[in-house]
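Following are the structures in question.
Two complexes, one shared chain (chain A), two partners (chain B, chain C).
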Partner chain A sequence: MQVLIALVLSMLMARSASAETIYVSNEQDNTVAVVDGATMTLQDTIEVGRRPRGMALSIDKKTLFVAEGDDNRIDMIDLARRQVVGRLPSGADPEFFVVHPDGKRLFVANENDNLVSVVDIAAAKVVGTVDVGVEPEGIAVSPDGRTVACTSETTSMVHLIDAATLELIDNLLIDTRPRAAAFSPDGKQLWVSSEIRGTATVFDAATRAQTGKIEFEVPGIRREGVQAVGIVMSRDGANAYVALGPANRIAEVDTKTLAVRRLYLVGQRPWHVALSDDQKRLISANGNSGDISFIDLENQEVVKSLPVGRGPWSVVIGP
Partner chain B sequence: MPISNIRLRLRDLSRIRQALALVMLLAAPVPGLAEPHTMVIGYLGQQRTPPLPLGPLDQTVTDDGLQGARLGIVDDTGTGRFLGQQFRLQEVILKVGETPAEAIKEFAAAGISFVVADLDAPQLLQASATPGAERMTLFNSRAPDDRLRQEDCRRNVLHTIPSYAMLADALAEYLIWKRWQHWFLLVGPHPQDQAMAAAFRRAATRFGAEITVDQPWTFRPANGRADTGHVTLQTEIPAATQVGDYDVLVIADEADEFGAYLEGRTALPRPVAGTQGLVVTGWSAVNEEWGATQLQDRFHKLAGRWMLPSDYAAWLAVRSVGEAATRLHSLEPTVIGNYLRGDDFLLAGFKGQGLSFRPWDGQMRQPILITGPRLLVSSSPQPGFLHQRTALDTLGIDLEESTCKF
Partner chain C sequence: MKTHHALRALHGILQREMLRTLRQRARLFSAMVRPLVWLTIFAAGFRSVLGLSITPPYQTYVLYEVYVVPGLAAMMLLFHAMASSLAMVYDREMGSMRLLLTAPLPRWYLLAARLLASVIVGLPLVYLFLFVARFWDVRPPILGYVAVFPALVLSGLMLGAFGLLVSSISTQMENFAGVMNFVIFPMFFASTALYPIWRLAEAGPVLATIAAWNPFSSAVELIRFALYLRFDVVSMLVVVACLVVFFLAAMVGYDPGRGLWSRRGGEG
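Our next item is the complex of A and B:
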């Protein structure tokens, strides 16, 4: 019995030491893959609605929200039970969304309707909409919760929305087919990627002036094969990681100098990336090769690819 | 006029109203911006007799091309409203036998500088030579004729519809990638079939395929839709395809008269590709990759039918003007015209990479789709076909081969 308790305890401790679970939306399988961070193995696959893409954790990290484009809704997964326990309306064709820091609202990009919908989580209701450009895609919220940024692909803009009044504050032109938007952790910078140009544009979030642009290049790959998609920033704000789509690379960018420090070769067509809680590991969801890549940032190497399903799109790391 | 046609027209009207309502909604000014400026783009189409439907599922379409241009205006307006730019389409449809001269004069008088020329090659050449047109840019959204990119190229014409050469090269790359190197080429009786076939022959030489049999289509099988039509086809097609061995049957049947009779009926069990079977095309309703779902949905909402290659080419034309206006913050025609032809221009066209115009003949570079009846099969350029500039230039007439002199 003592042995058993010791064993259970040691397992629990091992688990908490690398207490990390990785969730990957498989847009072609209609599933969310559950991967154990410590062992880097696939643990479970949760059936969700059709075409799951954007995902986010609730503030208490107990619920995973999953946007289902073809079912026009957001599923709520109870992470303890690993099953869908509820649904939220989302407006048509939700692609990406963010959980507002107030923990009460989601801001959803409705790709087919040129809208951003605001969803009250507790009431399970769309409580507001904002007209934006054609094909809203990426969405981000400033750390202070005041501003929501939404890109529109065909309009080539990022729209800045006042999260309280739901009015458009500004519309900034971005290179062709913008995808992801990300605020720096201090809220001072806004980054937006352009898929077709393979660039990321950096704005001063306060003045909304463009302060820089990164034109990604990958040796041996032509300009049209280098496309910028997902962006994630380290908690200290020093590094940004940008998925380069068909170039099969993740770029690590120095946010001060905007220099590309290095490129990591991952699986095929990485869409989105996420950082582990300890900031030592980066994970990319690779759409065409059906796997995720684990990048050890300390040793600067890709340590593993793990098949997770068809069409991995976004990745979220939870406890 | 048959009742079904009248119905179609009435439906069209209600859709046009919906589209207009959508444009007006999108065009609602955004507070805090300067007074909107308006760019009027011309659309010049011609009345066509729709081909007889070959099968019962075929849609009869009388507004292909035009609806694509209309959607382009809606999309341009979506961006324009944030920049104080408005876009409008002025539509003229030529009657059978009517020349485009009057329409071009009308456009010139209205100060129109960009025209979607949804015309066949002879009318396109007439339009481009009409006084006043020299100050315009005509977008060829219809005629795939290679001569329009070669000896008959014009300085004031840009081509958004892929050329025969591009289509044939795209299919050739796919067939070579599949190692289906021996082709049976079957060619229809019309001049456009001959032009398509010439492009297939050129592509075979370029990419190392061998045309083992090259035959005109001379059979006149009974209408496949007649009662017992399938019985006739089942007996006649095997006889018509009794040739030596080959890997794939490549069909040049631009008018869609007989190509669909071949698949599943050939003497040898072989795949069919070209204008029927595995169809090589600039656009198809089966494409939902690279974000195309949204474009297809928008189009279907507007037009009540699927988006056809000519719709897509007209959409590309209108979007090109809009994209240039967005990047330049300007509606100045000369500036836009130069930008379209320059190195920096890049249009997102839902085919996975940016599209631009070739400076040597005005052809828009673009991936070409290889499609099955229900799903996308592939997209060329294929992996492994390399080029010193861009892999897109492995498709069609390259700089070194161009005989175009503006």
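Our next item is the complex of A and C:
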């Protein structure tokens, strides 16, 4: 019986095996957890600066950038050595940032200074700043690299920045306390989540007109408990996944109809989510329960929740 | 005891059990509806009760519906065992039990056959319930439905042996209300069927201890683990040990020479 079970388990594991490594920033532990994607086990923790939150891979996927909010810098982790090998300036209190598709620049939201800082990676220098609203938070870059979108939590706006001239193109009003911004893979839509209202607003990226809004609801949870935070979109643009914070759920949204197809129960207070390269697996970083949840999108079920440290905030999937 | 003779007896007993069960449409219907009522109404009110902790064999956070299904499957076995033991008291009153026990086969064999027949007849409903539960998004791995079979049989036998013991002690059908109050309800409620141990421990350490020692908890956990392709050795040992003890005790109860039966004047 035991042998049979072991055999079956190993078969199941082999089926879902993927040579992926998952990186999770632990905001309160000042570490980045390294999780093996195939076995879903914690492999390593890398010491980084204080209050690591936003993370992103370099274009060549060899370096992981980690924003250290309390150290006012961005650490560079060499993924082969699993060590911090360099530092970048970031401006004050970096929370979230994106790597520009040119691979040379980072756009960083400086939460306390109401700025977006542009960092040249090779020169390790801040090469420009853009004034935005109060408490900039989420940041996204359009697939063509022309536009950078930055949300400001207190101003409740998303600011659109020309990535070349660093001029503000437009400011769009969003529901209270906008968090994450995401462009659709074809660059035609911009999605912005609102934490307090528990909504995601969809804009036409070209005309900048609002084309839709999703009001998230979770049965059995009062409205204030449903807050929209991190957003990730599938590569084919068909699905968007939105973390619902204290509702402990990840919503799967049909991007055509804007209908919420499914709600996945994950750990407590998921902040951000990431999709595997094959788009078959979604991983959420759950801030309050100190774990990450693996969601099998093919079978539409949460497979496992794995403790990774205190205050998981963002998650990045690398090779 | 010749093998073909023994098999014929088993076949006869099994057939009788099956016919009896199939004729009791109302009982079949209520046996199916009972766990579904629990699942739809009771579980709905407790949806977020378990949102705080991961309890093995689950590897992630589960909704209460998911947690309660193995307990409800065990509840079906428990009610089935008790209904079957009620039928045995009825058989005793009607005299058909004497007829059975006078067959030229060992008493233990006849009672074991009766027990096995009762469990086999009860299993299809449990499976039906487990499949219906998929509509409530309770979706264990497909192989779990195979792995749970021995767990269901063992648990069913253990609870059936307990019912056999109860029927050997209980003299009249009227006593059965007492059995419901003092056996079935405490066994079901003070177990891990409805709440995990840690939740019970929050309510009171005594309750948690009772639940931990309750053999019904072991049956529930054996089923729960098997359904998720895990093997709970301790629960299995407890279930097997209880099965042996209950069955031997029932043997004594049904022995006209020694048991309670003779003391009561051997009315069967």
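Everything that follows uses one rule, which is that the second predicted complex is superposed on the first by the 302 of 319 C-alpha atoms of A that agree within 3 Å, B and C clash if a C-alpha of one lies under 4 Å from a C-alpha of the other, contacts with A are read in each partner's own complex, and residues count from 1 in each chain.
Methods note: contacts are C-beta pairs under 8 Å (C-beta built on N, C-alpha and C of every residue); 3 or more make two chains touch, one makes a residue touch a chain.
On a predicted model such as this, the values are computed, not experimentally measured, just so you know.
Chemist: Figure out whether A:111 sits in contact with chain B (first) or chain C (second), or with both, or with neither.
Modeler: first
Chemist: So in the superposed three-chain picture, is A:301 touching just chain B, just chain C, both, or none of them (first/second/both/neither)?
Modeler: second
Chemist: Could you look at A:63 and tell me whether it touches chain B, chain C, both or neither (first, second, both, neither)?
Modeler: Neither partner.
Chemist: Let me test your reading of the model: by the given contact rule, A:265 touches which partner, first (chain B), second (chain C), both or neither?
Modeler: Second partner only, chain C.
Chemist: Based on the superposed arrangement, let me know which partner A:31 touches: chain B (first), chain C (second), both, or neither?
Modeler: neither
Chemist: Is A:201 touching anything from chain B or chain C once the two structures are fitted on A? First, second, both or neither.
Modeler: After superposition on chain A, A:201 lies in contact with neither partner.
Chemist: Contacts for A:157 in the overlay, against chain B (first) and chain C (second): which applies, first, second, both or neither?
Modeler: In the superposed model, A:157 contacts chain B only, not chain C.
Chemist: Is A:293 in contact with chain B, with chain C, with both, or with neither (first, second, both, neither)?
Modeler: The answer is second: A:293 touches chain C but not chain B.
Chemist: Should A:314 be classified as contacting the first partner (chain B), the second (chain C), both, or neither?
Modeler: After superposition on chain A, A:314 lies in contact with neither partner.
Chemist: Check chain A for residues that touch chain B in one structure and chain C in the other, and list them.
Modeler: No residue sits in both footprints.
Chemist: Which part of chain B faces chain A closely enough to touch in the complex?
Modeler: The contact residues of chain B facing chain A are 30, 75, 78-79, 82-83, 291, 293-294, 297-298, 323, 326-327, 346-348, 352-354, 390-392.
Chemist: Inside the complex, what are the residues of chain C that reach chain A?
Modeler: 47-48, 51-52, 54, 59-63, 139, 141, 143, 147, 150, 229-231
Chemist: Which positions of chain A touch chain B when the two form their complex?
Modeler: Result: residues 93, 111-112, 114, 133-135, 152-157, 168, 171, 173, 176-177, 195-197, 222-225, 227, 246 of chain A touch chain B.
Chemist: For the complex, which residues does chain A have touching chain C?
Modeler: My answer: residues 1-2, 5, 8-9, 12, 219-221, 248, 265-268, 289, 293-294, 301-305.
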